[in-house]
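Each of the next two complexes has subunit A plus one more chain, namely subunit B in the first and subunit C in the second.
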Partner chain A sequence: MSTQAAPAHEPRKSTLLPARFRSGFAIVLAGTVLVAATILVGSRVSEYYYLAAYTILQFIVLSTAWNILGGYGGYVNFGTAGFFAAGCYTTIVLNKLFQLPLLIDMSAAAAIAGLMGFGTGYLTLRLRGVFFSIATLALAIVLQTVVINWSFVGGARGVYVVRPEITGLFDSYAHFLVTLMVGLATCAVLAAWAVEKSWIGIGLAAIRDDETAAETSGVPSLRLKLIAATISGALMGMAGAPFPYYVTYIDPATAFSLAIALNSIAMPLVGGTATWWGPVVGAFMLGSVQQILTVTISSAANLFLVGVLLVVFVAAAPRGVVGIVRAWRRGHK
Partner chain B sequence: MNVNILAAERISKRFDGFAALTDVDFILRKGERVGLIGPNGSGKSTLVNCLTGILTPDDGSITFDGADITAIPAWVRAKRGLARTYQIPRPFRGMSVQENIEVPLRFAVGHTSARTISDAAQFILHQVGLVDKAGRSPKVLTQVELRKLELGRALAAQPKVLIADEVMAGLSDSEVDEILALLTRLNAEGISILLIEHIMRAVMMFSQRIVVVVAGRKIADGLPDDVMQQDEVERAYLGE
Partner chain C sequence: MNFSWDLLVNALITGIVLGGFYAATAIGITIEFGMLDIVNIAHPAFMIVGAYLAYLGWNSFGFDPFVAMVVFAPFGLFFGRAFYRAYHFFFERRGDESLQGLAFFFGVLFIIEIGLVLMFGVDYRSVPAPYAGSTLGLGLISVSWRMLIPFLVGLGMLGGIQLYLSRTFTGRTILAVAQDVEAVRLIGADPIRAKEIAFGIATASAIVAGILLIIIQPVEPSIGREYIGRTFAICVLGGMASIPGTLVAALLLRVAETLTTTFFAPSWSPAVSFGLLLVTLAFRPAGIFGR
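Let's turn to the complex of A and B:
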């Protein structure tokens, strides 16, 4: 190999940021602008838009979280609702015991759901294929059974949550929650981007393509899968932590809803699983359409639509919107 | 040089009732070129899988570079310098050819600088003759090119031992010579090589020693000409 310094392939442009950090910077910038915009808009828009925005943001976090293991690593998690509900009920328990600020609830939810991801992963990710998927499905069902029989958190009846008073920058609690979710979504997308571009993402991509060949190329597959399962689980838990305050009444059927697990798989698949922005696009598209359908037709129609879109994309555009955009860009070069 | 770099002692592997390997001893010395032959289904690939950590033998032990590696996972073996190719090419299909080469550079060798990795990958693509395919997807490669990619990815791990599992299948005579020249050069640079091959011309030209496995047992181990003259080997290959 040549020992001389290789000639620079691209002359460095006079920017402050190396190219590899540009997307990350764009995510932070967009997130900050959106947080500021949400704060400024305040109560000038109807509360309905906040409710709709909250749901879409929640799905951006969930599908981004799902994609870190499912999209990058190819290990499908059917139990998103289990991790999400772990976050919800962490808030419920902490709220009943201590009345802590929501940010602390969210940190605790991240720790608990992250541990759940690590534990489920440790028990099943040594095995290849569908074992992890089945285990995550089982985990959600077991957790739901536990919660149904746990009267401290309301059992099957559910539990009411009283929203604390809100002051300062925020006009209403819904306003606060949406601002919080914009921040959380920004953090989640930033985390997914960082994972994708780091050695973890490269190793996960090798695992997704061929785990055996990855292992014999030196990729520590179990370790990478566990890291991904932990980050993924933690983000799902964080997405669940504010939810009790959003709905103010929560029962196991809502927290463990099938729609959560289904959407967090469908959205990345529709958007595209290979990049950090695929799940964001998918969640935004499917989430918005579902909101519109819920209002204009019926709430039953929106799950039907998710199913139809999922089948259409898997059959016609398996790389999702990302794949379509990339093919279009290549065609125009 | 008589130091063993890779050794298997009395390893056995069964799949349900089927004995794929029975009490196989195997030695590869530092700097040596060994050919492993045997009919299809004789256990060659199972032996390679046990050596590289894809499979764990039911009995016996494996040592590499002075350490017992019987219970050590495949990725650690790769990091320590045990690389292999796959008989049926297993590229990372979602990556470009160059990115395929970069995976072992990053993980097995432990390079972190993007520039170092890309330069090293270019060098290896040169070695195996895939430079003009660097940015392409493995999906558009021919079978021959895929075998070269397998070899390139194994070389990228900077191995002490290279196990080449049928890297020449389907290649033309001149391409076989090209790969043999490459392997011989790598061997001269100090890499010990185990060659699993059906092309007898290549095996006889390349190997300093030949090991024959038939029905999960080692039936011969010695100098190429001596081994090929043994009755048992002749029977296994030509029938009674």
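Let's turn to the complex of A and C:
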């Protein structure tokens, strides 16, 4: 599908890091700086900016997670909202039963959503790719029905969550959540980069281009797809786990929101699916635009715009913003 | 759960009658997905467009739903052909169906749904057809015309499409495309044109199904989403490209849903179709009539 430009040999003086680790190092560095900056800024900015930043960061995690299976492997997951909600409701169940720290909730959410990804993948990834897509759509609806009928987690009425006390480095719980999300986004992007550059990513790209040819040349396609589905699902679940504390009231309509399903597909496709930074660019662009539009116009108009952008980009610029930038660079050389 | 034979018989009859309507909603997916290999998840959204067209026709011109079918189905045929041309140009031709093409339909689904919300709001809209209130009594059982008309029209549409596909030259070309596109090209027929016509028929069937839907119940924009799972479940369960299979699977699914609603709770019924779909995909992806 993608015609990757041959890596131009750039004469660099620094030989401290092998070239293949440079992007990874840059991601870690940028993440650390951002976490430190968020902690330092503290309550000096209005809480609104934290809420906006949280949403954008959450979309960076979700679109990066989606892209690991969708972008690298070419298997479309329509059920991001289902995995996200699995994370939300893991937190709620654990919160009701034990009152654990959020990091433990997040690990549990990752385990459960990862298992969901593995299970759905195991049942349908052996069939044609489109069956996986339809199954993920089905999974989200079945889960939503289960949650609606499950009174322990509030059923259709929803449930309130009390934010725990927070001390130490953080000025408020919102401050803590945003810092956490910066960390999570860094981890997600790092995971996507690691997958992309490793044998998993190379195998997935081969599957995406021609699955039969890949299998004949010895690519263990089912195993690679299952690994990608598990990582992708786990990250989506982790993105959902802190969400109940962010909104403090959650019902199935919010947790299984269509905005999540639509955005997590639109953002990578608008940004560009072939690289780890495509989804980040897409999430940042679409996320910021939506934050501005939600304030100025309505949230329905917002989603309408995302839908239109998705259709325009897949039709006119199938390589996304990354593709446009690359073509432009090549033209200027 | 309180069981009684009365309830069971009524549930079975409602299930079968509405199953005929389900077949009308799913026949488009059987053509698009089963025969043409186009995963049009926006098909149910086209159906809701049909329902709103019927509503507009009733409100502005006083069209009876039957008049609306005659007026708007050709529009669906035309639109579907143009839509397929665009899809072919942007995705199929480039071999981008699996990722970009699928995302495209997903985007179209949202554009339609949210477009309808922006135009009509989220209120339920209905068409109070004069015959919708009366019922047909046959001895112990009685069925309302509100459900009987969609059943009959649905069966008629399935029969018509089956006849068209098996008796006409173009229809047979479509069936041939479903089996082997390259072979069709080799014998000198144009598979793209056959696919275009088939997609047009499928879209027209969606418009008709939407008009049937608004006879049965009031409609709001997001209702189409429930039908994504249903139509795909029916298509897969019926063996992908088989029209009789579509009918049997539609009846089975609707009976299962009605029994769930009657004996458990209506809130569980969305899970029936999707659950059935998941189970079918996992254990028998060829469907009940598959080879």
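In this text, the second predicted complex is superposed on the first by the 319 of 333 C-alpha atoms of A that agree within 3 Å, B and C clash if a C-alpha of one lies under 4 Å from a C-alpha of the other, contacts with A are read in each partner's own complex, and residues count from 1 in each chain.
In this text, contacts are C-beta pairs under 8 Å (C-beta built on N, C-alpha and C of every residue); 3 or more make two chains touch, one makes a residue touch a chain.
Keep in mind the model is a prediction, meaning the values are calculated, not measured.
Trainee: First (subunit B), second (subunit C), both or neither: which does A:Ala191 touch?
Mentor: In the superposed model, A:Ala191 contacts neither subunit B nor subunit C.
Trainee: Go through the superposed model and pick first if A:Val219 touches only subunit B, second if only subunit C, both, or neither.
Mentor: In the superposition, A:Val219 touches subunit B alone.
Trainee: Is A:Val35 in contact with subunit B, with subunit C, with both, or with neither (first, second, both, neither)?
Mentor: Neither partner.
Trainee: So, does A:Leu137 touch the first partner subunit B, the second partner subunit C, both, or neither?
Mentor: It touches subunit C, and subunit B stays clear.
Trainee: So, does A:Ala110 touch the first partner subunit B, the second partner subunit C, both, or neither?
Mentor: A:Ala110: touches no partner chain.
Trainee: Touch check for A:Val153: first (subunit B), second (subunit C), both, or neither?
Mentor: So A:Val153 meets neither subunit B nor subunit C here.
Trainee: When both complexes are superposed, which of subunit B and subunit C contacts more residues belonging to subunit A?
Mentor: C
Trainee: A:Val61 in the overlay: touching subunit B, subunit C, both, or neither? Say first, second, both or neither.
Mentor: Neither partner.
Trainee: In the superposed view, which residues of subunit A touch subunit B and also subunit C?
Mentor: 1, 208
Trainee: What residues of subunit B sit close enough to touch subunit A in their complex?
Mentor: Within the complex, subunit B touches subunit A at residues 52-54, 73-75, 77-79, 83-84, 86, 90-95, 99, 102-104, 106-109, 112, 114-115, 119-120, 123, 153, 156-157.
Trainee: In the complex formed with subunit A, which residues of subunit C make contact?
Mentor: That would be residues 39, 41, 86, 90-91, 94, 96, 98-104, 106-111, 114-115, 117-118, 228-229, 232-233, 236, 265, 267-268, 270-271, 274-275, 277-278, 281-282, 285 of subunit C.
Trainee: List the residues on subunit A that touch subunit C in their complex, please.
Mentor: 1, 70-71, 74, 76, 78, 123-124, 127, 129-131, 133-135, 137-139, 141-142, 144-146, 148-149, 156, 208, 258, 262, 265-266, 269, 273, 300-301, 303-304, 306-308, 310-311, 314-316, 318
Trainee: Please name which positions on subunit A make contact with subunit B in the complex.
Mentor: 1-2, 6, 20, 199, 202-203, 205-206, 208-210, 212-222, 274
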